[in-house]
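Below is one structure. I have some questions about it.
We just call them A, B and C in the order they show up, numbering each chain from 1.
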């Protein structure tokens, strides 16, 4: 039984334009992989396609979460199967309190008829909010509504901690974060690193990878992984840019 | 361009249109289609009922103002008056302008076109009928939809012959505005100025109609109409500045906008004079990307009644509109704002806003607001707001603390309140002119 | 995007009242409405002559008034007044004990949970079955304090000195065509009097049930709360779903004397063949407060604009309104606030949800006449559209005279966006759950205004029937 998030030869398009052109990548449990790449290389498309966004059409390829083919599942089934996406732009949900939302998501994971233990739930959530330096008032506020950029990203991590996925994609979680917020977010992610969990961190900047140190770094360009290396690759990219890889002949 | 000096026009005795259709001097030589259109309109006028109390489109209106059939067509002004009016109009206009026309009592007195782009047309309707009938006919008097003013529209169609036809072909742009003065004078007379503006693809033009009285105290009636057609990427700004005498003048202005693909139309109303005003503003966004913005500033005092009805009709996807109306009311003045945002079925991804704010400056002033929404599409962002209130003591206190006397402070705040909507129009010289007019009325009413 | 699953998901439980018992009426005024119908009703009730005259004058007004279709829905034209029965009863007298209620009537109310609610949290209950109350009871201690809680027939017969002075005064017969209709054929409803200083702690509840087809229910309610007294009144209603149109046309008048408080709560869940055309208005004297909390979920067409006339200084009026319009429904609701004294304040908060081809309309009137000081109105109305075919309209009218007032009106239309649903689904919620959470989030702040027991029920009503509807 394979224990990884496995993307094989993934092709996906939006409005007839192919964005992902045969992307292959495997994140084994216990590892953190990073994807870097210039603007427009398809980074955000990848996360949305895996989550099942209806704007994107998968034309070829597969995505396996352990032995489950995610592409066969609905958006919410993918989530309940253990896939989590920390959004680049988390959506606001007017009128729905953060606590209720997370609770509903947890409830959706329980067998029918089984109810959440409310006391334990709040205790756990408060503990995790403390870890992330989130004020308690965020439980009563509407999901992401009126949150600053940093608060939204923290809230994404809080949800991830509460839902305990098997694999998570962090889509440009560092964008719009100051260094202190970045450290806290990274702390949250690091606390969740375990042999039972895989992460794929999509980022534009090497900075994040100082705090969430990856095992493997991939370079995405024009819808394909064109280069893979260790964590030092991120520094190289920061220093030299992407052109030296892009201009390199693609490995057969 | 054929210009007829007023002295040479033959005059008919003014007659009330209770008995016969209003006709103009130059009927001879008008195209048949136009004469037919006119007689059909006359029949329509006679057939249409006068609005009654139960008519929702006249809700809150004082219907006594609708008694208009004792008016008649005016005689031309004398040569000396004409010279005075032209001089007055010339002195009031901004330094930069693309064209300037002066009409008085339905007749052209003056025309100047110093900065019209090549191929652009600015012709009095009467001349356009004679020389460019096909170009005119495509858009002239085509509308059947109004916001309650059907009877006025029919009368206008039966009688109009003055006003300007502005046609900007593809790509023609005028930076400076086209200015049109409409003067009216004589007890019991009526004029029917028409403004037709066509901006073809990516053309851009700004037109201002100024409505003014020749004499200070007279029962007069203006029933004007403005049609704005902006094709793909076209831009039109239309401004109606109404500064008629506030003792007896009535003004009905019926305006239509048709905004095509990516077209942008701005409409501005400034009402200062007249005893009774009815503005109807229909703005249709018929193709995607169209945008309409409608602004109004009204300063009403004494027993003035300003009645404004608007429609923002979204008839295609990805269309946007904004409406921002401001009323400052004093004495026993009344205002009525009735605005409707309609998002037609299938017009998804529409953004539409509407705001009406009333500043009441006396214990007897009355502001009526009816902001309406009818939404029948998906992914729509829509809102409206309406407030009525007065200047807060804190605001006055703040200004007084800076050494400004209370009365002056009140004036400054009210002026700023009205200027806010004028500010949204384009063209510094146009705005300057409007600001100056507002300031003039504030000075006059003390 | 919202697919059939969502539609089903947002579908509320309109079926809970969808059952009926065979007709077996001792009194049936027959089809159509003439003076004879009125004589029939008056005779059965053994009414005073002035009431019979009042009814007959009202019939004339009703016949003279045109349908208000120049502003209202043309659907009104589908009401065929000749095909409606205006009075049906089993000849029952309201009893104070459920044991004495006829079996099928009792079974009806038991099935709707009324006796249970009464035991749990109500101070008094009146249960009306078609034209007449079958059960009416109020806690003994309230009777001792002088609280009167009876139906309209009894109210006018036994306590004319209390009720007659205000009867038809807040809503005159000719207010509109349907208030005239009600005035002609009214039967049942609640007449309540609360003496000075008495604060009724628990709500009084009325439950209106239509059982018969081709029937019109015309209850009449008059609540008078004397100086410094307080009461909360709640009404619920259901009917079985018939193929033909059923008519419900009530008149509700509230009178709050100096310093009094009235809270009137409605959860309207008629089946969607019912035309629900109701006139509701309150008169608030000095420093009195009237709150209408109005929730409309059922019916085919509802037209209802609860109003408050603030007649005394510092009187307060409030309307909290929730409307849910599903396929084939039109919820035409709103509020009227008439300021008639200095320093009066009013507040309107209306939220509507349109689902499928449902249509919701807000109509509001705020009126501040001249020579008053310090009046305030705040109006907020928000509409949520669920599907591309859903529709919403907003038609407020605000008149302010004078420079010593402040009014503010805001309205917005929004949608549950696709991105919002995607976000929620990514967290593992089904489409139905995501929609449910969003919709409840939209009305949450208003649902909280209902008493606990009702807000739970309301949430359940608005909530989606998830079972089996979404995979």
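One rule holds for everything that comes next: contacts are C-beta pairs under 8 Å (C-beta built on N, C-alpha and C of every residue); 3 or more make two chains touch, one makes a residue touch a chain.
All of these numbers come straight from a predicted model, not from anything done at the bench.
Engineer: Line, ring, star, complete or other: which one describes how these chains touch?
Structural biologist: Shape of the chain contacts: a line, open at both ends.
Engineer: Which chains are joined by the largest number of contacting C-beta pairs?
Structural biologist: Ranked by C-beta contact count, first place goes to B-C.
Engineer: Provide the C-alpha centroid distance between chain A and chain B, rounded to the nearest whole angstrom.
Structural biologist: 57
Engineer: Between chain A and chain C, what's the gap in Å when you average each chain's C-alpha atoms?
Structural biologist: Between these chains, centre-to-centre, one finds 50 Å.
Engineer: So how far apart, in whole Å, are chain B and chain C when each is placed at the average of its C-alpha atoms?
Structural biologist: Comparing mean C-alpha positions, chain C is 45 Å from chain B.
Engineer: Multi-chain contacts in chain C: which residues touch at least two other chains?
Structural biologist: Counting only residues that touch two or more other chains, chain C contributes 414, 417.
Engineer: Write out the stretch or stretches of chain B touching chain C in their complex.
Structural biologist: 54-56, 59-60, 345, 348, 358, 360-390
Engineer: Within their complex, state which residues of chain C touch chain B.
Structural biologist: 70-71, 370-371, 383, 385, 387-389, 391-415, 417
Engineer: In their shared complex, at which residues does chain C touch chain A?
Structural biologist: 1, 414, 417-420, 422-431, 433-434, 437-438, 440-445, 471
Engineer: So in the complex, which bits of chain A are touching chain C?
Structural biologist: Answer in residue numbers: 51-54, 74-76, 78-80, 84-85, 87, 90-97, 100-102, 104-105, 108-109, 142, 159, 163.
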